[in-house]
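See the structures that follow.
Both complexes shown next keep chain A, but they swap its partner, so chain B is in the first and chain C is in the second.
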Partner chain A sequence: MLTLKNISFRYRGRPAWILQNFSFQANPGDIIAVKGVSGSGKSTLLHIFCGVIPKLINGYFQGDVFIGNTDLAELSLPETAPHMSLVMQNPDLQLFFPIVEQELAFAPENLKLHPYEIEKRVAGTLSELKIGHLRYKETANLSYGQKKLVTFASLLTLDPEILLLDEISAGISSTGIEIIVDILKKRADSGKIIIIADHNPLLLGLAKKTIDLDEINNGPDLHIQ
Partner chain B sequence: MDPIFTFSDFSFGYLKHELLFHDLELKVNSNSVTLIQGDNGSGKTTLCNLMSGLLTRHKGQFLLENHNMDKLSKKDISEKVVLLKQNILGNIVAATPEEDLIIWQEKFRRKCSEDDNEKRMKAFQLYNMEEFLLKPVWELSHGQIKRITLAALLLNSKKFWILDEPFSGLDSKLISILENTIKDRKNKNFGTLIVSHRSEFHTDFIDEIYRIENQGILKV
Partner chain C sequence: MNRLNLRTILILVILVTSLSVIYQNLRIQLILTGFTLFLLFSFRISKHKLHRLGHRLLSLFKLVLTILILQILFRRSGEIIWEYSFLMVTTEGLNYGLIASLRFLIIILVAGLLFDIPYYDYLLAFRSWKFPFEISFLVATIIHFVPIFNTQFKSSMEALQIRGIIMQNLPLLKRPVVYLNLLLPVLARAISEIKFRAISLELRGFRLYKDKTYLHEQKLSRLDLIIQFIALIFFLLLNLIKIIQL
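Right, the complex of A and B next:
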């Protein structure tokens, strides 16, 4: 279970509140869509979920985030990652190994899994996403869409309980999106919480719950300081 | 209709033994809207980069209007075509939206006209950017940065546009603004090439659709 309690946030030096007294709860198996016009705070909200706000990004932050009964404030970012992890919009910010296979093996290696299990996750994910041909390719030479698929794959090999996806569909072919949709359905059925900020109708269509930032931002609460 | 780009017997690969395009035949019209589709890694971005002169060393014939691409300088090419890169930060050269568009106007053109300020403001207004004109780029969201690049395109209205995934990260309102801009251009005989995965296009303004497959390109 993922809970936001009375979250307020605005960036330092900027008067506008992105969120004010916002509360939300997600249960295992939930797929949640984050909607809103460009600049409404979709990425900001994902950063709050995973703790990058307030731990890395400064600003005025109030409220609590809980994973189950654990207060996120008590966990460091590396301690949070196995529970909850984010695929960022720009894949270049997230890939840091020369070879795709190394990128995918990094997370399960850090979880100290048995080499057999690491191989199982890497090979399984590659075949699930139908990108087996990329396994020994250099990450720097991949196309934008391939890089996005590899960052998504590295989230799958980490296998956190909560998956945060920021514009995962950008640059992905329609076949690729169908594959991603299938994977997300399966993960939700197995009890994962999936939070999607996207504009793609197929992905948004998966969601049973929606956080509509336009609605929240136009609500009466926001203007009371 | 005059082709702006002509590929004939064209081959290109990043590695000697791995061709991305082999014997490609393609004509891109200068005054129509062309859509290019293809799987991830099939070479869509590569094609855009070739057409804007960022990649060289191809084999076969490759013409911009009637000139051999090999013989043209980057400057010659950039006077005819403008590229919107997929990786949006690759399009930004300045610290704020305002500065970025001023650089487009002052540095990349031979002459500056008096109505530059007005043109710039019009571009910003179209994409609802007045609020963050003077904000540093690193405080902007992905979608806001994308809007800078779309506004900058408007200052290059007389060039052929090559747009690599222009719609990704845009909400539906911004998508329709961009679509309308492309339609308006077409009515004024300025063409656009779009690389996109979107399938739900209002196809009324797209003249030709191609799909990259098996190192070649097929008309859809």
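Right, the complex of A and C next:
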């Protein structure tokens, strides 16, 4: 369970509050869509969810985030990783290794999993996303869409309880999006919490709950549909 | 030969380059060059990699030639082979020139060999030598970003060409200014992205524990151990001979 309690945030040097006194709760199996126009604070909200704000991005922050009963403030970012992880908008910021296989193995290796389990996750994820042919390709030579799929795959090999997806559909073909939709459905059925900030109707259509940042920013109160 | 462990190859490479620096002997330099070539070709080098190495050698050929000529012309001791005005070619000059060129050639060949080995093998090799993962990771990141920076830089160059600015046509003194103007935005962008890269790393559990596991293991075979042993004995013997000769 992911709980946000009375969150307020604005960037330093900017007068406008992105969120004010915002509370929210997500339960296992929930798929939540974060909607809003560009610049409304979708990425900011995802950064708050995973603790990047206030740990690494400065601003005026108030409130509490809990994963289950654990206060996120008590965990370092690496300690957050097994619980929750984020796919950012720009895939180039998340690719560190020359070869796709290494990129996918990185997170489970950090979790000190047995090589057999790492292989199982890497092969399983590649097969699930139908990108097995990319396994030994150089990440620098991938197309933008392929890079997005690889960053998504690297999140899946980590297998956190909560998946945060920022503009995951950008640059991905319609077939690719259908595959992602299937994967997200399966993950939600297995009890994962999925939070999607996107414009794609197929992905947004998966959501049972919506956080509409346009309404939040324009209205007097917060709306969670 | 492909089955040789990277640690064995690294040891051989270190020994070859060290001997190349220690010994001012043309025969030994020729043997070392031959051995490096053997190492390179026995590593089942692909056509593509061979082409790349050929390109590297060609682009550095001028430098090798310059080293050769400078060494030949500035060494005035030994028997004179040819003389014209103040220019002089002596046996010692020729000898030193060839040694220096071969030494440089060995370095290029070795670099070609090492660059073409998959990075993951380095991670495993460094891990076996108890190198901190952070250092290995730093090397991986550099290897990964060099082609990215190169692509970004080339794109900027193309953008300049589209605007009618052709670097080759610019006066020599203006070129560094243009290069600086191209490099600065690329570097600035890289620096501004560092924070998000760090976030991305940490959210994938980087340094969650003191150590980590690896998808692949890399074990030394009996052949590796034999080669490493022979190479080390050979290296020590050659150095011992050198010390005795002194």
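Criterion: the second predicted complex is superposed on the first by the 220 of 225 C-alpha atoms of A that agree within 3 Å, B and C clash if a C-alpha of one lies under 4 Å from a C-alpha of the other, contacts with A are read in each partner's own complex, and residues count from 1 in each chain.
Everything that follows uses one rule, which is that contacts are C-beta pairs under 8 Å (C-beta built on N, C-alpha and C of every residue); 3 or more make two chains touch, one makes a residue touch a chain.
Here the structure is a predicted model, which is why all the values come from computation and not from measurement.
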First (chain B), second (chain C), both or neither: which does A:11 touch?
first
Which superposed partner A:56 touches (first chain B, second chain C, both, neither):
second
By residue count, is chain A touched more by chain B or by chain C?
C
Which partner does A:79 contact after superposing on A: first (chain B), second (chain C), both, neither?
second
Once the shared chain is lined up, is A:199 touching chain B (first), chain C (second), both, or neither of them?
first
Scan A:66 for contacts with chain B and chain C and give back first, second, both or neither.
neither
Now for A:92: first (chain B), second (chain C), both, or neither, which partner does it touch?
both
Who does A:109 touch here: chain B (first), chain C (second), both, or neither?
second
Is A:149 in contact with chain B, with chain C, with both, or with neither (first, second, both, neither)?
first
Common ground on chain A, meaning residues reached by chain C in one complex and by chain B in the other
90, 92
Chain A - residues contacting chain B, complex:
11, 14, 36-39, 41-44, 89-90, 92, 134, 141-146, 149, 167, 169-177, 199, 201
Taking the complex as given, what residues does chain C use to touch chain A?
118-120, 137, 140-141, 143-144, 147-148, 151, 193, 195-209, 211-217
Taking the touch rule as given, give the residues of chain B at its contact with chain A in the complex, in rising order.
14, 37-41, 44-46, 86-87, 89, 132, 139-144, 146-147, 165, 168-174, 197, 199-200
Flag every residue of chain A that touches chain C in the complex, lowest number first.
50, 52, 56-57, 76-82, 84-86, 88, 90, 92-99, 101-102, 105-115, 118-119, 122, 139-140, 154, 158
